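Below you'll find the structures, each written out as structure tokens.
Two complexes are shown next, each including chain A; its partner changes from chain B in the first to chain C in the second.
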Partner chain A sequence: MEKTFTRFCVLFLIVFSCAKVGFAQDTLPFTDSTSFFQFLEKQQQIPSFKYRYKAVPKAGENTLLEDSVLSFSEGAGDTLVSKSFDDYSSWFQAGNAYLSQDSLGFQPAFLIYDVPSDLTAAQAYVANLWRNKDIFLPEETPEVGEDLVILANLVPYESGNNGRFRFFSDYKLVIVVSLIGFFLVMAIGMILFMVYIKSSHSRREALKEEYENQIIGPLSELLFEKSEEEIDALKQADIYAIFPEKDFKKELFKFVLIEKIISLNKQMKGDFKDKLKRLYKKFKLDEISIGKLKSKRWDKVTNGLVHINEMDLVEALPLVRELTDSSNFYIRSQSIATLLNLSEKVDLTTIKKQPYPLSRWQQMNYLRIIKYLHIQKSLKIDTLFSAQNQSIRLFGYKLVRMLGRVDLLEQLSELAPEVEDIEKIEILKTYQIIGVHTEAAFVNTCLRSDNIALVKAAARAAGAIGDQASAHILIELLEEKPSFELKMIYMDTLNKLDQSMYEAFVSQSEDQDLSQINDHLQDPLLQNV
Partner chain B sequence: MYSFLFYFVLELLGIFFLIISFSVIVIYLTTMFLSALELRDHLRRNRFADYQDIITSPIAPGVSIIAPAYNEGQNIVQNAKSLMSLHYGKFEVVIINDGSKDDTLEKLIEAFELEKTNYAYNYQIDCKPVRGVYKSRNRSYSKLLIIDKENGGKADALNAGINVSSMEIIACIDVDCILSHESITRMVRPFMEETNRKVIAVGGVIGIANNCDVQDGTVTKYRIPTSLLGRFQVIEYFRAFLMGRMAWTRVNGLMLISGAFGFFNRDLVLAVGGYFPKTVGEDMELVVRMRRYMEEQGIAYKVGFVPDPLCWTEVPEDEAVLKRQRNRWIRGTIETLQLHKAMRFNPKYGVLGMLSYPYWSAFEKFAPIIELVGALYTFTLIVIGDFSAFYFIALYSMLYLLTLLVSSFSILYEQVAYNNYKDKKDLRKLILTVLIEPFIIHPKVVMWGLQGHIDFIKGKGGWGQMIRTGFKKSEDRKHVETNLNTES
Partner chain C sequence: MKKILIIEDDLLISSLVQFRLKKDGYETHLVKDGNEGTKAIDSFDPDLIITDVMMPFKSGIEIIHYARKTKPDTPIIVLSSLGEEEKVVLEAFNLGVADFIPKPFNPNELAIRVKRVLR
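== the complex of A and B ==
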């Protein structure tokens, strides 16, 4: 967007600079008296401008006074002035004969706004009219049949409209046209792009369907009729006999083949899974999957990782390991999941070293794999407790309760008093779920905390693993008139811990909330609410 | 002097409309581009998501579905059953009978064997008095909780539901919405995926169910509505959800999550004081207040959006009903922007203050007014004889073409991403609607919007003064007593 804006600014600058250039291109069409008269001849008439002659004849020369066309009259001193003419041609014809007679002292004169003026003043006046665009060069219309090229050559060269492009002088027009242009280019570009996407999508879908139909039959035959040894013995020529060579070499065909094999692998068990994995390698599809790990597109890399994970391509593990620190969430998650699944000597060190916070999504995926693996392998869950990354430590505490690792409780017990409140809350949840009665003292310490979230967690845990001291603390806390929500938690826990203390407390209390909460807690319909 | 001023104002308006036209084009093209990128990324991400895991994983968050019901006796039992059959492990359904005048509550009691409990109701968020909380003895309905309360409107009913909800995430929905079985798993995913930012809310697409076949709570066959108004809304919803909201999600600037289908972090909703019942745009206002709260607290956050078709609703095909809806929407927008005017061009609020808020002000709130002034400007030019047919035709054609482009693209997005409307006749009808919409329906929408402005100025709703003053801080809502007759 920033770039587009810059481009527009540049465009507008160009437009406005062109307009300025237009204003600076005024040149006079005459430079001396000869060209001035030529110009006057072309113009013929000029507003508020009249032609006449003046003469200073030698003594005894009376010829001029007798000329009825020029109608001379006496001016200042010995000067004679003719009558004025509006157009150049009649003025020129009337006086042309006298111009060559030196004895008459005959010369052109002008009237500007009826004020007698000389040649210099006339030139200045006409030049001014020209600059103000009050007069223009008259256009000559060629006669029919005249050679236009020859005519054109007779006209001295002048740049078109004096370099002024009228389009640019209207800035609104420029903006509107620029906007429409910009819009049209963008619109056409986007429409073409979408049409391309849509048509290639449809074409691809149709081809995929066709390839699927080509693949499913031969693949089933291979699975059900060939042994693992026979699959190993397949040669390239045999493969081309199964799938047409022309199609088999196509990328999309292999893509469909990969998807089909992976989908069958998910659904099948035992020997069939092994056969599919052998076929995968036989068709050299493993090379495609491993090759995807080097792609620049995150979705392709993740796709490659999914294939490696599904088809147990252990040879790709060194490459997979390199991706565990990827900044992309999906690559990172999938590579760790793949590593956990496929690696022979696997533990949770890879997760421990993760610099990025562990999202719940990742935790969910890892938990699914760890649940399956922890029965067969030693995963060293306790290494997570010492991770630098807090989200990983929290995941470690969760794993203890989700996998029921009672053997790690001792380590948790040592850690618990030292860690931050958020971690204490997670540890308390673990104690509560597993039922670690030996940790009542820790629970009681947490009940005295200033952190409400921690107190809530401790109060809930006390319901399962608290002791008599916990009950006394809860009574003290209830007497401090906490919020309704806390009262509810404390009362519920107290009820679970020591019913007689609870009943005694309720009977002595005059708090309306407590009575309401008591009714709630005694209602069998609300046992789990 | 006056003549000079008149022409000067006309000149200024001319420049203003040029800038507006330019901005509209740039914004819509940018929106199209950003939404395409976001949609592409979403579809790529979807390829690697195993939603089956979420259903049973102990790590997945619990969800409270909160659905207010008012005079829904006819369908309430079916709707409640549909909600309870959603595929998810840890969830509860809270239905609030908002003082219905029909037999909504009786139908629920009968169908689900409900009994009134001694529920210790905590008015954590202010709401109208709760008359009773009901649960069933039948374990098949253990997920169901019914609240019976005095009538206070949708926002008030939602607040009543939030008070009893016990899960980490609350899903606020319209009870008559049809939800896909996968709706919770898909909507919960953004809450679970984010690593560096807190996801405070996630919005979803609302599909139009008019004329569609529905089976087991899911739309099985898509058909476009028979009326022009219905078809217009199909296109409008595509534009709004697949384009607008996707683009805003891309820049983390989403300000509106539809009230019919939105998921929120419960703790945060409580922290900001829940819905504000005295605005007609309670859905937008809550999202803006939550975002504002996060900005004021300096906590990194995100508002997510899931474009998958997961929720469907019947849209009004009657002009009078649609007019009322649009009037409400524009008033909701004005009120929300007014309540949070402190954020306007305030860099302290980041994208929200510098981009989302100004956009909503200029292109949503003031859009009907700008269009009216534009028409008056054109008329004035004709009267004084300064009208340029070229400019008018050029600008009008450009904006018309833009509308066509945007609408066609929104249909294309749907086709490429989900391809729900498979019948070519339906597509042809949609394209025809796109062509005539700017002439037939758009002027009406502008008029309804203007009426909304007039109603706001007249103080319809009765909280005009308070709304005009606005909130100085996001937490101010908690100090506003919205229900004076609340028993606490």
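== the complex of A and C ==
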């Protein structure tokens, strides 16, 4: 509401100022009586406006009454009034001779709509006509010398506007019309472009559907009727007998064929999967997938990587390896996933060399593959511990606990005291989950840290793998009156570590927070909240 | 000849299943969504229904509910990419489906299960 009012005020001011500018253009051409008479001289005749003279002669002065041009008649009192004139010149000439004679009391007078008016009223009337644009200053005809006229006659007449369209002389109109034209052309262009895109898209979709129907039958027949050896023995002529040659050579047909084979590969198992992979190569679709790796578009490259991964195209691995250092997140993630999936020897060196930080999404993606692979292949997870990239080292520690690699705990134990706090936290979580009771000393060291995040992680780990010393440290920490959140963690851990020490501490303490936390921990309904 | 209704939105999969079942001498009818599925249950009067779970318009669970009301004796096999422990699959079992085949699957294995259910 307030905004609308402000806008209204601004608009009003703009309109008002414009109006002011408009009035300012109508400046009067006369300011005093002298300039008024000069203006009247230029005008000569003014509608409903007449000129006359008024005189108050001294007693005995009868000259005026004898003037036949002015034809004075007696007015009110001693005043004499002349006849009225329509134009300035005849009026001025008729009375000019008397104006200098003071004894006559001679002065100009006016009639507006035949009503006698004084100078002020006459000025006001004329000014009003001027403002209403009922009268204008007459154009002055320039005096042209004879020589110039003669010279001008020598030059043959030629139109000044010859060859020029009158429209272009008004540049503002040209600009406005050009802008409207530009927007019109743009709008029409965009509509045409959208229609073209839509029609080509629907044409493509229709063609895809047609190809899909064309593919389903022969593909089913190949999968059920042919053995793997028979598929391997297929010749180009046999393929053209299955799919029409003119269609098979088309890019869109191959695109649909790739889509369908990959979709089936995801949903089939057993010998059908192997047959699909053989068909993929037989139809030379693998060349298309591998070719996509060289594309400049990241989506095409990623798409190619997905195909290679799905169809186990191991021959593309050298190219895939090159992409693991790509600056594009998706290419990098997919290439590493493909490499992990297809490599015979997966030693995680590719991940170790990654200069970019690993996102949680990437970690989850790799973990999904590694979880599946570590059953079949020997994975050297410990190589990740020595990575330059901290996020890779953290991922390595996570992998130890996710995969339950107890054999790597010794290495972790050696590393733990030397690494940064953030890594210590991850190692503590690993110790806590796996239940490494031998690392209680490390936990106790971390409990003494100045880093609150590390102390929290250590306190939580102490609940699972702590010892008597941990309990004593926790009591010391509680006596230092930490924040409520820390008190909660310490109390919970102490309760798990040594119940008798916990109860003794709570009974002696006068801290209200501790009593509340104790109530919470002892309540069977809130224990796990 | 036994009649089998296949309700599956993936045309490729349904065609492949149809191809395999035709080889075993069954009469098959394909539909690609839940709405068509319920209509086909009435019009085609199948001896066995093979249905996906996640489909347009009506889910596999709705199909099973409908089949249980109109054809309570017609066995149903669920073919789905959902895991066996998924809530909807457990619901399907509660409604009395004859079998559940998770994707990825082997069409030959499906043919054997169909044979067993129809025996």
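Keep in mind that, in the parts below, the second predicted complex is superposed on the first by the 328 of 529 C-alpha atoms of A that agree within 3 Å, B and C clash if a C-alpha of one lies under 4 Å from a C-alpha of the other, contacts with A are read in each partner's own complex, and residues count from 1 in each chain.
The rule we apply is simple: a contact is a pair of C-beta atoms (placed from the backbone, for glycine too) under 8 Å apart; a residue touches a chain by one contact, two chains touch by 3 or more.
What you see is a predicted model; the values in this text were computed from it and never measured.
**Q** After lining up the shared chain so the two structures overlap, which partner does A:186 touch, if you call chain B first and chain C second: first, second, both or neither?
**A** Only chain B is touched by A:186; chain C is not.
**Q** So, A:364: does it touch chain B (first), chain C (second), both, or neither?
**A** After superposition on chain A, A:364 lies in contact with chain B alone.
**Q** Using the superposition on chain A described above, determine whether A:372 touches chain B (first), chain C (second), both, or neither.
**A** A:372 contacts neither chain B nor chain C.
**Q** If we overlay the two complexes on their shared chain A, which of chain B and chain C does A:196 touch? Say first, second, both or neither.
**A** A:196 contacts neither chain B nor chain C.
**Q** In the superposed arrangement, which partner chain does A:136 touch: chain B (first), chain C (second), both, or neither?
**A** Neither partner.
**Q** Identify the partner contact of A:216: answer first if only chain B is touched, second if only chain C is, both if each is, neither if none is.
**A** So A:216 only meets chain C here.
**Q** Among the partners chain B and chain C, which is in contact with a greater number of residues of chain A?
**A** Ranking chain B and chain C by residues of chain A touched puts B first.
**Q** Look at A:224 in the shared chain and tell me whether it touches chain B only, chain C only, both, or neither; answer first, second, both or neither.
**A** After superposing on A, A:224 lies in contact with chain C but is clear of chain B.
**Q** Could you tell me which stretches of chain A are touched by chain B in one complex and by chain C in the other?
**A** Of chain A, no residue contacts chain B in one complex and chain C in the other.
**Q** Can you tell me which positions in chain A touch chain C when the two form their complex?
**A** For this pair, the touching residues of chain A are 212, 216-217, 219-221, 223-224, 260, 263-264, 266-273.
**Q** Would you tell me which residues of chain A are touching chain B in their complex?
**A** Where chain A meets chain B, its residues are 1, 4-5, 172-173, 175-177, 179-180, 182-184, 186-187, 190-191, 194, 197-198, 201, 298-299, 302-303, 306, 329-330, 334, 356-365, 367-368, 391, 398, 402, 484-485, 488, 513, 516-517, 519-520, 522-523, 525-526, 528-529.
**Q** Show which residues of chain C lie in contact with chain A when the two form their complex.
**A** 10-13, 15-16, 19-20, 23, 81, 103-109
**Q** With touch defined as at the start, can you tell me which chain B residues reach chain A in the complex?
**A** Going through chain B, the ones touching chain A are 14, 18, 21-22, 25-26, 29-30, 32, 44-45, 47-48, 50, 53-54, 57-61, 115, 117-122, 124, 135, 137, 142, 145, 166, 189, 191-196, 390-391, 394-395, 397-398, 401-402, 405, 408-409, 412, 415-416.
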